[in-house]
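What follows is a group of structures, each given as structure tokens.
Shared between the two complexes below is chain A, which pairs with chain B and chain C, respectively.
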Partner chain A sequence: MARARAKERSEGRRRKGDRKVRVLVGKPGLDGHDRGAKIIARALRDAGFEVIYTGLHQTPEMIVNAAVQEDVDAIGLSILSGAHNYLFPKVVELLKGKKMGNVVVFGGGIIPDGDIPGLRKKGVDRIFTPGTSLSEIVEYVNKRIRARA
Partner chain B sequence: MKDKGDCIVYDEEKAKRIREHGKRWEQQRLRPLLSRSPERLTRFSTVSDEEISALYTPSDVEDLEFLNDVGFPGEYPYTRGVQPSMYRGRLWTMRQFSGFGSAEDTNARYHYLLSQGQTGLSVAFHFPTLMGYDSDHQRARGEVGMCGVAVDSLKDMEILFHKIPLDRITTSMTINAPAAILLAMYIAVAEQQGVSAKRIGGTIQNDILKEYIAQHSWIFPPDPSMRIITDILAYCSDHVPKWNTISISGYHIREAGSTAVQELAFTIADGIAYVRAGMEAGIPVDKFAPRLSFFFNAHMDFFEEIAKYRAARRMWARIMRERFKAQDENSWKLRFHTQTAGVTLTAQQPTNNVVRVALQGLMAVLGGTQSLHTNSMDESLALPTEQAVTIALRTQQILAEESGVANSIDPLGGSFLLEKLTNEMEGKAMAYIRKIDEMGGMVEAVKRGYPQREVIDASYHYQRLLEKGEKRIVGVNCYQGNEELPIPLLKIDKEVERKQVARTREVRRKRNAKRVISRIDALKDASLSRTNLMPVILDAVKDYVTLGEICDAFRETMGTYTDPAMY
Partner chain C sequence: MGVSAKDILSGDIQAAARLMRDLDDEIPSAHRTLKTLYRHTGRAYLLGITGAPGSGKSTLVDCLTGHLRQEGKTVGIVAIDPTSPFSGGAILGDRIRMQKHTLDDGVFIRSLATRGHLGGLSKSTLDIVNVMDAMGKDVVIIETVGVGQDEVEIVKVVHTNLVLVVPGLGDDIQALKAGILEIADIFVVNKYDREGADRTKQELETMVSMNTYGEGEWVPPVMATVAQTGTGVHELLAEVARHWKFVSREENLKRYRTEKAKVELMEILKKKLIEKAVDDLSRSGVLDLLLRDIARKHLDPYSVADKVVDHKFAFHLRKESGKGKANRKNRP
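For the complex of A and B:
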């Protein structure tokens, strides 16, 4: 276990010179369900990423501004209120407007399977549904950022 | 000094014989067997990761004093229940939390549920209402009607309760930061029906402390929020005497990832903070304490949960009588609502959720709940369909009518295991409460982020146990099936947002603009003085000042709270 975590850490450090990979975990919208977002933030931090957690009740503009300021490599969004179809694509759209279209956007929450193809079409790279293991998400972020570098 | 004559095992000689027999059993029977075939796990623990022994005997509860610690239902300390007859007199209230789309959609669902034998209403508002925004606010985009019903003005409330007799049906409203506004709207609708505020019954959640800890639908900072709450306590004790003014809620603390002990401890500590605030505002304790109610989670660990409900009653009774010197018996009684744990529902193999909910409903009933919401199997995926909510309601009806568990009061009372767990639960929760007292009470503890941090740690700990396979969830990390039976899901029509925005704008066009301005000025003035806010809010809603406008006025005078974003 300890060895696996150390390995994840070293992978987390490997891009942009020695700078850690930076992931922004964001909670767009008004819903207060942040158990999942906080667990993901901790798991990514434990895996060696630099994590910026926005806190609750963010507008897409607030999230994108934070992403620009922190120069992040990826954004993980969590919504459990059903507002994902509006808010996820809005974040992607605003990123493109800031010429940050290369930032990987992924999401999770209570997202019905039927909504996933539409979200992917609008630029959300991956949707994680309930029951996903932390290691799967860490592995995804690792692989996805490496593929992009 | 313990009164040995009152202890469950009161004969010293017999107690000794049982203890010695227990030791012999362990050495001569159990150990030899385990050396040949060990137990399945190296450690057995509850879902909260509290260790559980192989066997409980009278030796575990030797010190339990029957009359002091267990007693009789309807008598102090109420361990066995708050009423002398419990479900033999009246069954628990079957109250399904419900709200989606427009006020019309939800009103139709209420009429359906009542026609199916539901006995009370429980309103789920959409996020913009919970956060104090009208549906046409920029921040409401994409959220309107999605996670509950949209209520912006009295107009929506009139539609929501259309043809529902508010003199006969009680209503619970899950609303916190804007609770005073929704209560005012409810009073106004009742008056339109010719029902005076004195006659209406129901509950507002109005528990802002657990919002900071767990549910996170806040607007104002802690101090002004506590002032709104004491205004409600004072107003209702005079004008709405049958209303439950706060539903002190552990439910959301548990959903956010706490253990059972933390759920219990933080909820009781929140209750202590409200009682203190009410008394400091000059309201005699027995004038408002009888209208405080509680709300707990029914999670997955059967005996841990039942022990939690029993310990909660005993703790509250002792705290109210000994610490706050309440004289009225009704101030000592912890009445509570239960909801089965949403967080235990799985998106995988969702029909299995019916079984989980049945078990959790059973725990709540064995724990002596006053009302119950049973989750629908599809709620890990969306708001429930009519079919799914019907199965959930029928689950309660099967418990009530077929299972026989409602025939006798506190049927598990006296179980060695349950009495021991109840004692442990109380002991551990009281240790937390002492710690919070040392910080200056829950308002201070919340400002320091103490309970928030405890919950995050517990939630992460549990997630790690799941990842390691030390805790198992059927369909998620064991017994995964390849094929999933698709179940139908409720879809919220995109038209809901457009229509709701149009309705609110029409309300604004049609009302008396001058009156609205003066009402908003009055709200600001009252919030800056010590005037009770309730009558001023009531006047405002009757003139169709919207929820968002009232909250904006208070935002200006009281400020806002933002997430400290710790993880």
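For the complex of A and C:
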């Protein structure tokens, strides 16, 4: 089935150009600083992706439900509240519960280096910390999603 | 392979989401599934919402959805935002205003990018609406891009079209120019708590009253709402229900269905004909030669196009449409 899908997809791509990559960008938790998330959303749009921006104060359940309905390839989360060790793994876990474990989850924000290995172990694909360039993030999404499709 | 019609009809949310994606990406198997599903469409009530950017469409959709859910109706929402013509990317942000319904299983929200399609919808909008219809949603709300002008397409595919107007966006001449009179079943002056709202409402009412309506024709009412607080939404829904009743009259419903069928067929034909023509021409290597000759003025594009489409398209379809009739008769 997966192979048939892949074939079908490449067929679609060959015939009509690329399958459009869809990324959900959201802010889980309680902090209200969405500048970073908005800048990422814009950078991804400028790179040709369709970005579903869900806004502030999302619970992991809301994010995953939206991801299901929008059938996204990846979820980018921005957290500056310090709750990343709970929120990120929760999103990954809920996705798996919906058999959407192949959706790539990445994130950014104020996240101590020491927390990153633990998050990665729990299925968060990549964490970007302050100072990362936009092109690095765009390139990451591009490579990661195209490799998966 | 791909998503089967059965999955959709059994209410599989993920399958529906995937089918919508496949349709948007024009994967051939998705269209095959849609062929099977089409029979199961036509039950949902389709509600269109158009209006300039920032006029409060998403907020109103959110509000209306809340009311509809209270009435026990399931709701599908198709929210369309523009694709950037430069990068091909898009930011789809209509969900931000629809948070309340994210965890409600009775509501399915799908954001779509126009992907270069003009006229307020995306090229896959009708397909996606059909999927939601087949899923069994009682009401499907279509929120257009919000270009305001030239959103004629939507009027023909929805049962009821709301046109949102906000105070302070120019005088009644602007409204006339935009041609919104023709596309509104119901006018909604949103943000009615703003200055100048009364005047906007009056101007619209005058505009409507200057139009002549025949007997039995629908005269669009002008409603006032503050979507943010929910003020006036109850009254608006009453008017929507009144219009729904009007459309449901047999003669109106028949006209609506034919009109919708026409839009559907024409949209698909446009896409398929161009695709096929370009495909055939380029596969046989003629396209480049033709383009070269046209560029050198040895040929003109008018004659070439005439020759390309010189087919008797309807020839073998006569029998087919007869079959449809017979089938209908046999149906209980």
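Before moving on, here are some points about what is shown:
Throughout what follows, the second predicted complex is superposed on the first by the 130 of 149 C-alpha atoms of A that agree within 3 Å, B and C clash if a C-alpha of one lies under 4 Å from a C-alpha of the other, contacts with A are read in each partner's own complex, and residues count from 1 in each chain.
One rule holds in what follows: a contact is a pair of C-beta atoms (placed from the backbone, for glycine too) under 8 Å apart; a residue touches a chain by one contact, two chains touch by 3 or more.
The model shown is predicted, which means the values in this text are computed figures rather than measured ones.
In the superposition on chain A, A:55 makes contact with both chain B and chain C. By the document's definition of touching, both partners, chain B and chain C, reach A:41. Using the contact criterion defined above for the overlaid structures, shared-chain residue A:142 touches neither chain B nor chain C, since it reaches no partner. Of the two partner chains placed around the shared chain by superposition, chain B is the only one that A:30 touches, whereas chain C remains out of contact. With both structures placed on the common chain, the touch criterion links A:81 to chain B but leaves chain C unconnected.
Common to the chain B and chain C contact sets on chain A are residues 1, 41-42, 51, 53-55, 57, 59. The touching residues of chain C, counted against chain A in their complex, run 1-2, 13-14, 17-18, 20-22, 24-29, 83-84, 86-93, 95-96, 99, 102-103, 108-111, 113, 115.
Here chain A touches chain B in the complex through residues 1, 25, 29-35, 37-39, 41-43, 51, 53-57, 59, 81-83, 85-87, 110, 112, 114, 129-131, 133-135, going by the rule given at the top. On chain B, the positions that touch chain A within their shared complex are 127-128, 130-131, 133, 138-143, 146-147, 211, 215-217, 255-257, 343, 346-348, 380-383, 456, 459-460, 463, 467-468, 473, 475-477, 489, 492, 562-565, 567.
Residue ranges of chain A in contact with chain C, taken from their complex: 1, 4-5, 8-9, 11-12, 15-16, 19-20, 22, 41-42, 44-55, 57-59, 61-62, 65-66, 68-71, 98-100.
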